[in-house]
Structure formats: structure tokens, C-alpha cells
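What follows is a set of structures to go through.
Below are two complexes that have chain A in common, paired first with chain B and then with chain C.
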Partner chain A sequence: QNILPVCFSVGYSAVALNHVIDFKEKKQEIVKPVSPSELFPSLPIVQGTTKRIKVLTRLTLVVSDPSHCNLLRSTSANIRLYDIIAVFPKTEKLFHIACTTLDVDLVCINVTEKLPFYFRRPPVNMAIDRGIYFELLYTPAIKDSTMRRYTISNAISLMQVCKGKNIVISSAAERALELRGPYDVANLGLLFGLSEGEAKAAVSTNCRATMLHGETRKSACGVVYTVKKPRKVEEEETAVPACKKAKTQA
Partner chain B sequence: MVRFKNRYVLCEVVSEDPRCRQCIEDRTLGHAVRDAIARVHGDYGLACCSISFTVKYLNAYTGTVLLRCRKDSYRLLCSALPFVRYLENRAQRYPCFLNTLHVGGTVRTCQKFLIQYNRTQLLRLLQNCSNEEERQCIQKSLLSCSLTEEQSQSGDEEEDDGTE
Partner chain C sequence: AATFERRVLRRAAEHHYLRVRLELPDGGARPNAAQFKQLVVTALRELHGEVGAALPVDVLTYEEKTLSAILRVISSGLVKLWSALTLLSFYQNRRCAFRVLQTSPFLLALSGNSRELVL
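Moving on, here comes the complex of A and B:
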């Protein structure tokens, strides 16, 4: 509740609220996402640098078993309500499945422990072709020193495979003070082995592409929304289905 | 001509605790930043960055800090700034974080940026203003901010409330 005003004052223009679903416990229902307008009565908050703040909802599935992925294919109505869907694979096989066939926007890379598997090039390249982004968290790195080492080593091994493309850096902040401004997060990207342009893209253009990817997933397949992008306005205009082929799944 | 080139990093200290603002001093801040560099980059990083490292300007009301370092090592400094978690002053710890606003080559460019930034912040405060006197105060200070020649380093607009 109090994290969001800090986000806005620091200069972010879109924020996604995350719900994590873990399958290790007994079968959980996917809850309907809390709509942002319930949390904030004054949602269109006009900001210093841009016009309006977007608050999106996001779902993260922690999968450690292939049967959990069936949830994604099911036509549960609640899944459709989330703007962005992320998956957190725990094994190599699941990583492969997530990159190649699953219908997600983001693949989370574990930063809190040593990766049990190495990244291989084929699934990573397929994910890049499909428009799926890899996500790194930075809040554990700020909190704890051993987490920092795991974060950096996992991030650098990811960079060596994917050459810095399709990376999104995000925070899993639970308190307002664990947040960092966008310029700082781009500088953190330098620590992870990204080049300067790639690091800035990891905070700005890649995130926007993920949002668009989520939108195209929600709507009919194969449609690309063209958005008007004058610099300051955040509202999107829906579509002329463009003639460009979508990069996503068929 | 051989000249030492510096980079000036403009940051803002953001904290939830209002008492944190009062204890911002150049020594505590310098100490916190050096500590963060040592934790992230080790002895080599600390030694590289502290060749010409000082806190050049500090404004406790708005929490604005201007740091100076060498051009060769400003990347080490910038990448270690997110790791500053608290300021420590006489055995009191205040959790906070630094938000980098601008990196410039001279104090003057940073000053220009700071004036523009403060102007946008004042505009934002203007929108959230509740009563008429505050509104007039802010409007007056907005109209009077400019870069004059006499001022050496500080931006020269007045701040009415330091709750930024």
C-alpha cells in the first residue's frame, strides 16, 4: 500500500503487482486478481514526468512438476484476468517447456540459490524468438550478501547464453525502502554483465514489450496492437490489427 | 592539456523517517557510500573510487546530494549506489535509499539539472496543495527560480516544505 507512492515519486510509469502461486502445497485455486481500482480510489495519478501511472496485475507460477503446467492450458477464467503471466521453472525440463511451448510472458530466473541446471542455447534462442523475456530480481541482492553472489553468478551465466537480449530486471520489493529508481536499476544491470544500452533497455523498452506481449496474449492470438506513442502519454489506442506478423505463438 | 576529469553524481536521499533528513551530513553520507562500494567491489573498488571522492553539495531539506569521483571509476560508484541501505549517525540507523538523478561532468550542469528538477517537484507539490497560502508560496518560488551568476554551488530557489 505504501510502496506504490514511492514508486511513483521515483519515476516509474507502470507497476505490476505480483501474486505468487506455489504448487508445493495442496491444490490452490487461482484467485481473482485484486483490481487496482479497488486498492486506489484515485488511480489515474498524474505524475511529475509522465501523465498517468499504470498498475497491472501479474501472476507468477512456481512450477516444479510438469503437471502444474496444465493449469495454464486450462481455460480458467481467472487466469485471463491477469495482465502478465510469469513462470518460475525449477528444473531443466521445465525451463525447456516454458521457453518453447508455454503460453507465458516472462520466465523468472532464480536468484536466491545456485541454479541446479545450466542454460542451454536452443531453448533460450527459441524463447527470444517467441518474445518471451527473462526476469531477474534485484531485491535479494540488496538485502543479503550471499544472495548477491548467487544473483550475480546466475545473471552472468544467463548473459553468456542469451547475449543480453530479452532481459527484464525487476524488484520483488516488499517494503518501500527496498525499491530503487530506474537509473539505479539500469546501473545494476551493468553489474550483471549487460552493456549500457542493454541495461537501460532492460528497464524500459523490454518491460513495455512484455506488457504488450501480455496484451496480445489476452486478446486473440496473432494480433499486434499498434499504440500511439507520443512520449508523455501512457494511454494506448486499440488497434488496427497490424500487418506485421506477431512474434508470439500461433 | 592534461586535466583531471571528474564526474558529479546527483542523488536524492529517500527515506520514510522524517528524522533521517536532519541527520544527513557529508561525513555520514560519505561513509555510507564508501561502505557500500567496499561491500560490492571490495578493496580495489574502494581504492579506485576514493581517489577524488567527496560530497560536494548537500541539502538536508530536500535530501539532495552531489558526489564527485574520477571519470574512470564513476561506473563503480554508480553501480554501488543502489546498495546503500541506511545512514548511520551516532549509533542511530536510518533506513533509506539513494535515487540517482543525474550524472554530469561539471557542477554547473548538475546545478542546471537540479533547478529543472526542483521546478517539476514544486509543480507536483502545487497540485497536492491544500490551502491557498501554500499555493501562493509555491507559485512565488517557481517564478523566482533561475540561475544567477553569484551563486556558487547551491541551487537558488526556496523550498517551503522539506517533505519531499
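Moving on, here comes the complex of A and C:
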């Protein structure tokens, strides 16, 4: 509740609230996401523009077993209510499945411990073609120095395989102090081995593409964004590839 | 007819300037200027080791009341300094956070902040 005002003051224009579901414990049900309008009756305005800030909901599934993925295919009504779905694979086989067949928007890469598997190029390339993004977290790097090493080493090994494409850097902040501004996070991307343009994209354009991918998944065939301002024509063009991909999927 | 010559200078600025603010939510003792510089050097040492701690960083101004400062660093060391400040989380076992407000290769540019404009 008190993290979000800090987000807005630091300069973000869209925030996603995350719910983590871990399948190792029993009796996990997907609960309905808390609607953002309940938390904030009126959303503040983005710095420097006149638009309101978007608050989205996001679900992260921690999978360590292939049977957990069945939940994604089931027509549970609650899954549809989330804007973005992310999966956190724990084994190499699940990573392969998540990149190639699962219907998700983000694949989380573990930063808190040494990866039990190495990234291979074929599933990573297939994920890039499908429009799935890889997510890195930066908050563990703030908390602990051991995790800092794991974050940087896992990020570097990911960069070697995917060459810096389709990366999203996000925070798993539980306190307002653990949040960092967007340019600071883009600078951290430089530490991970991204180039300057890729690092900025990891915080801005790739995140927006993930949002659009989530909306594409919700709708039947695709998303077309129409905006009034002429300078945003290039954004509409980025929405068109999402439609094309969804049509080939469906 | 006058002939024109255009020169483009890339990365010609020697120093980069950063306006930062340290957030210490608990109402404890505030660091003075020397302790602030010590904190910056500690942050560099934690992330980039002795080589990082040896980076020439200057604290040009420091206000103890608002805990905001203007730092100057050599341009090649901007990424190291900025990442070290981003990842710092503890000052004397108290939780803290650095917020980088503005950064520019020109000191004059730090005087105006477009984010504080009220539209």
C-alpha cells in the first residue's frame, strides 16, 4: 500500500502487482486478484504527462513439476482475470516446455541461487520468436551480497545465449526502500552486459510489449491499439506483430 | 560564400554530474559531508572492489537537512558509480536508499528539473 506512491513519485508509468503461487505446498488455489480500483480510488498522474498511471495484476507460477502446468490449460476463470502471467521454471525440462509450448508472457529467471541448468539456444530462440520475455529481478541484489553475485552471473549467462533480446528487468520489492528509479534499473542492465539501447528497452519497450502480449492472450485473436496522437504511430506498429503471432497460434 | 564546418564531439565531456538524495526513513543521526563521502566510497568498494573505490568521485555540494548532494565523477566511471549507488542498501545497519534525481555531463543542466514541473 505504501510502495505504490513511491513508484509513482520515482517516475514509473505502469506498475504490476504480483501474486506468487507455489505448487510445492498443497491446497493452492488461484485466488481472484485484488482489483486495483479497490486500492486506489483515484490513480495519480504520470510525471511530466497528463495520463494516469496503470496498475496491472500479475500471476507468477512457481513450477517444479510438469503436472503443475496443467493448471494453465484449464479454463479456470480466475486465471483470465490476471493481466500478465509469468512462470518460474525450476528444471531444464520445464524451462524448455515454458519457452516452447506454454501460454505465458514471462519466464522468470532465478536470481537467488545458482541455476541448476544451463541455457540452451534452441528453446531460447523459440521463446524470442513467440514473443515471450525473460525476466530478471533486481531486488535480491539490493538486499544481499551473495545474491548480487548470483544475479549478475545468471544474467550474464542468459545474455550469452539470448544476446540481450527480450529481457525485462523488474523488482520484487516488498518495501518502499527497495524500489529504484527506471533509469537506475536501466543502468543495472548495463552491468548485466546489455548495450545501452537494450538496457533502456528492458525497462520500457519490452515491458510494454509484455503488456500487449498479455492482452493478446486474453482476447481471441489479437490486439490493435489506436491512439489519437500522431507521434505514437510506431506504437501501433508494435501492436500489429502481436496480432500476427496470435493468429498463428490460434 | 561562407563555408561551414560542423564538428560533432562525442563523449567529450570529462566529468558527469549526478544529483542524488539519500533516503533514511528512520529518524536517526544524519551523516555529515565526510561520512557521506565515506558512504559513497563504501558503496563503490562493495560492488566494484578496490578499483571501484579508487574512482575519483567528488562531492560538490551536500545538504545535511535534505540529505541531497551533487557528485562529480569522471565520465568513464559513471556506470560504476551509478550502479554502486543503486545497489547500496545499508548505512550503519540502517536501511537506506539512494535516489538519483538528475544526471548530466553539464553542471548547469542540474539546475532545472523537468520532473518537478506542475502541468
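Descriptive notes on the structure:
Methods note: the second predicted complex is superposed on the first by the 215 of 250 C-alpha atoms of A that agree within 3 Å, B and C clash if a C-alpha of one lies under 4 Å from a C-alpha of the other, contacts with A are read in each partner's own complex, and residues count from 1 in each chain.
The working rule: a residue touches a chain if its C-beta (ideal position, glycine included) is under 8 Å from a C-beta of that chain, and two chains touch if they have at least 3 such contacts.
The structure displayed is predicted, hence computed values, not measured ones.
Annotation for the three-chain superposition on chain A: chain B and chain C clash. Of the two partner chains placed around the shared chain by superposition, chain B and chain C are both touched by A:191. When both complexes are overlaid on chain A, the residue A:10 reaches chain B and chain C alike.
Using the contact criterion defined above for the overlaid structures, shared-chain residue A:145 touches chain B and also reaches chain C. With both structures placed on the common chain, the touch criterion links A:183 to chain B and to chain C.
Within chain A, the residues touched by chain B in the first complex and by chain C in the second are 10, 47-49, 141-142, 145, 148, 177-181, 183-185, 187-188, 190-191.
In the complex of the two chains, the chain A residues touching chain B come out as 2, 6, 9-10, 46-49, 138, 141-142, 145, 148, 176-181, 183-185, 187-188, 190-191. Against chain A, the residues of chain C that register as touching in their complex are 23, 25, 46-47, 79, 82-83, 85-89, 95-97, 99-100, 103, 114-115, 117, 119.
Contact residues of chain B toward chain A in the complex are 14-16, 39-40, 75, 78-79, 81-83, 85, 95-101, 120-121, 123-124, 127.
Those residues of chain A whose C-beta lies close enough to touch chain C in the complex are 10-11, 45, 47-50, 141-143, 145, 148, 175, 177-181, 183-185, 187-188, 190-191.
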